[in-house]
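Right after this note come the structures.
Across the two complexes that follow, chain A remains constant while its partner is chain B and subsequently chain C.
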Partner chain A sequence: MLLTLLAVGFVVFAAFEIIPGDAAVSRLGSNATAESVAALRTEMGLDRPFFVRFFSWLFGCLHGDFGTSYSYGMPVAGMIVEKLPITLCMSLISMLLCIGVSVPVALFAAKHAGSRTDRGLRSANQLVMAVPAFFLGILLSWLFGMVLKWFTPGGYVSYKKDFGAFLAYLILPSVAVALPKCAMSVKLLRSAILAEADKEYVRTAYSRGLSTMEVLYRHVLKNAMIPLVTFWGMAVADMIAGSIVVEQVFNIPGLGRILLNSIAKRDYPVVEAVILLIALVVLLMNLLVDTLYRLLDPRLKEEQG
Partner chain B sequence: MLLEVKDFGIEFHDHDRPERVVEDLDFSLDTGEILGIVGESGSGKSLTGLAIAGLLPRKKLKKEGAILFEGQDVLRMERSALRELQGDEICMIFQEPMTALNPTMRIGRQVEEALRIHHKEMDAAARKERALLWLRNVELEDAERVYDSYPHELSGGMRQRVCIAAAMVGGPKLLIADEPTTALDVTVQAQIIRLLQRINEEEKVAILFVSHDLSLIRQISDNVLVMQKGRLVEKGPVEKIFSEPREEYTKKLIAAIPRVNLDE
Partner chain C sequence: MIKKLRQNPDLLFGTIFTGILLLIVLVGLIHTPYPTTQMSAADKFAAPGLMHIFGCDQYGRDIFSRVMEGLGSTFVIALFTVLIGSVSGVLIGSLCGYFGGLLDDALMRVNDVLFSFPSILLALVIVSLLGTGSVNVTLALGIAFVPSFARIVRSEVKKQAALDYVQSARLMGASHFRIIFVHILPNILPVLASSVMIGFNNAVLAEAGLSYLGIGVQPPRASLGRMLSEAQSFLFTAPWYAIFPGLTIVLLVLGFALLAEGMTEGGRDAS
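Take a look at the complex of A and B:
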């Protein structure tokens, strides 16, 4: 896991080496003289060789020091700690929405498989799946903000000021992030449920006098969710990435805002730290997925000892 | 009479042309009796068993005649009334004990399930006590460990015993056994047969034993039905069928039994 993080850090570092643009130039503006740029480069330590910079940065990271932002002039760690709850909350709400909505919808679709409602649901699903999250964000913002006037588009309340209002402003962007994943998860779960429903233990369950709903909830659902756990694990990573884009649409000052700004300004300590953080979340999700697998499927516990 | 099957037929409607898989079936089963149904695959014997247990799908096939369980027609009763019978009065065990149990649910919960549905007055402790009693009664050693196990931790024979326990836990009047020993090896097969005989004597539960194996049917049944291509060929007391088979098909089946019987 540490190796993966190291590799991610290196790749991002190398990417900044390759892409054109210079932090010193972008800070001083294009009118700056060559001398002043060179002086600033020395001050920022940009004149040192690539590997020296990489290892000094790495050394700093290991001590919890992610450097200082070039453009904001603040310690990166502090900036991230302040913005992290916003993006994390949004991803969490999206995830809960995704699972909370897709499980009952998939059960309903599977129960009525082949009916007209099921076919309608499937077409709607297909449509939602094809729409990118940011476009959905624009649509939602237009519908609820401009047409229905339920909220001010672009409005936002800091979580420090009023947590309730903060959550309320996060709901629409979360819906925008969650919906395409939710549609995908309904599709996968529906077919997983139908596949499980053909198995013999289901017939045994019916022979004990269980109703269809009881059979689905008590027996089929848990088994059908096993393959979905992988998908949900991957979806979390996607949702964080999706949040970064959707934050722009809804004008929410989360991690996405600082990440995009920092890329534009070649503020690489910030970019490095944000990307490392996202990589860490993805890795943690993988770990969680493995643990969940073992919890859900007793047959795996055996094999892993 | 516990069970009366009258003019029973099944017609499949999932292809272009309807297909008759069971036709004009008449038989009855008394309390505590063991009735064997024998026939090759495709003879309609398993479908008949499933129909009595109320497990045939309602769509895509047509059912004719009547299946009277204590005078009530299983084919025409309300779903909720049918569910009252299932797991409580009529129970079923299947051919594949490997797949007939839910792989992600502990044995204990599966054995108790019929109680949970039909005996809501029982509390968790009473259910567990009843489940353990039955796990011991089907001759499982270390019933407590089995109770907390998952299906994959048990052998095929143990799983079929678990299935029998789960079926018997509610004290049914009729147990339908659909090829219950076919997937098991010969020694385990003999043990399961003896177990079913003992349970039949002790609990006075009627057993409908469906099998393609005439020698098994001979060991366990009081009466036997011989089926071929969805039709009843011959029925009668098991010894009579063996000593004086009337129909050609029955004679052929008897002749096909290997002479050397390793069980005995």
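Take a look at the complex of A and C:
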């Protein structure tokens, strides 16, 4: 895993290296003199060989020093640490919403499989899956902000000022991020439950006199969760990406704002750090999924040991 | 055929939605009710009505005409994205799956990381390297879609390569190249087809997201995502400005998803 992270870091660093455009030139503007550009290059350390810079950057990252932002002149680590809680909070709320809503809905749909409610749910599901998260965000902010006036669009409160109000503001954006994923996991979980329900152990459980509820919760759900764990693991990364877009809809100054601004300004140290951070989250999620797998499916544990 | 459609509502609605939108795109290529960039102060924020069925935007431009144009760009970008992604994905995936070995290990390890990286984020990074614009966005999205195709194709090819018919073809003196492209690929076509359709939808969503962020098709050309981001400032005065382009995206994605669903179901019934 560390090796993969190293590889990602190298690819990212190298990619920003080979593109045309000199950071020193773009910082000074196109009509800067050659001497001042050269001076700035030395100051920024751009005149050193590629590998020297890569390793010094790498060592910096290991120590939590991601370099200095070209456009703000501030340490990148500080900028990101300040914004990270916003995006993470949003992704966390979305994830909780997604799991909390999809499991009961899927259970309900699977229990009433083939009925009119089930078919209605399925159509609703298809529809929700087709809605881009940012459009959902716009619709929600229109409905709740302008028609119902339950919340103020753009009235973001910093988490340092008032944590409660901060969380309250994050609810709608999180719903916007979560709903499409939620629809997808309802669909997956429903079919996983139905596939499990056909198996013999379910019949055995029934013949032992267990009630539908007991069979469903104690046996079927546990097995049906296995494919879902993979999906949710991947959904976390998608939700972070989704938050980055939806943050723009609700005017939240999170990681997305930093990433987009620094892409526009070619502020590569910041872009590199954000990507590396997201890669880290993705890899940690993969690790977590693997661990959960072992817990849910003891067969895998035996194979390993 | 009609009977089949009746029994399969997914296929029916999918065909209808996709058909209507395709028609709009095709008509939009030759004719739009109003020129897409024609501004008119008198029509500023005109509500949807007989003259402008989707209403007008802040410059008095006809939204329906702009939706037609934007839908066209979305369509083309998504199409080429899937094309780039699937062709490169098939090449990489089939080579890795068929030959295995060190190259396979190395490529798939990179692939796994890229795969778990959200494609819109990947595209965003590539765009930041290449610069904005519709060609670059298509390229970026295409590259971002390679890992998922490569992964699917690789696992399918691996399954097929272990089967007896590959052995026999090899014994008959067929080259590796011939086995991959003539014998194995046709067998994985159904899987590939469904992932292409899902990929198309993801491409539409990703393109809309990127153009919402202001990357992608550049003004004055219309794009659905950018219309949404502009409309956001006028949600109170002109909600239709956001609603129609948004609904168009929803309809496009929904239609295609239903079509894909209906086709898999139809295939399952047939076999």
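Convention: the second predicted complex is superposed on the first by the 269 of 305 C-alpha atoms of A that agree within 3 Å, B and C clash if a C-alpha of one lies under 4 Å from a C-alpha of the other, contacts with A are read in each partner's own complex, and residues count from 1 in each chain.
Throughout what follows, a residue touches a chain if its C-beta (ideal position, glycine included) is under 8 Å from a C-beta of that chain, and two chains touch if they have at least 3 such contacts.
All figures in this text were calculated on a predicted structure; none of them were measured in a lab.
For the composite obtained by overlaying on chain A, chain B and chain C can both be accommodated side by side without a clash. Contacts of A:A195 after superposition: neither chain B nor chain C is touched. The superposition places the C-alpha centres of chain B and chain C at an angle of 90 degrees about the C-alpha centre of chain A, rounded in steps of 10.
Touch criterion met: A:M146 reaches chain C, while chain B stays clear of it. Of the two partner chains placed by the overlay, only chain C lies in contact with A:A279; chain B stays clear of it. Ranked by how many residues of chain A each touches, chain B and chain C are led by C. Of the two partner chains, chain B is the only one that A:R299 touches; chain C does not reach it.
Of the two partner chains, chain C is the only one that A:F135 touches; chain B does not reach it. The least CA distance from chain B to chain C in the superposed model is 16 Å.
Across the complex, chain B meets chain A through its residues 53, 55, 79, 83-88, 91-92, 94, 96, 99-105, 113-114, 117-118, 150, 152-153, 163, 166-167.
By the touch rule above, chain A contacts chain B in their complex via residues 199-201, 203-211, 214, 218-219, 222-223, 226, 296-299, 302. Across the complex, chain C meets chain A through its residues 109-110, 112-113, 116-118, 120-121, 124-125, 127-130, 201, 205, 208-209, 212-213, 228-229, 231-232, 235-236, 239, 242-243, 246, 249-251, 253-254, 257-258, 261. Of all residues in chain A, only 4, 7-8, 11-12, 15-16, 19, 126-127, 129-135, 138-139, 141-142, 145-146, 153, 234, 237-238, 240-242, 244-245, 248-249, 259-260, 263, 266, 271, 275, 278-279, 282-283, 285-286 touch chain C in the complex they form.
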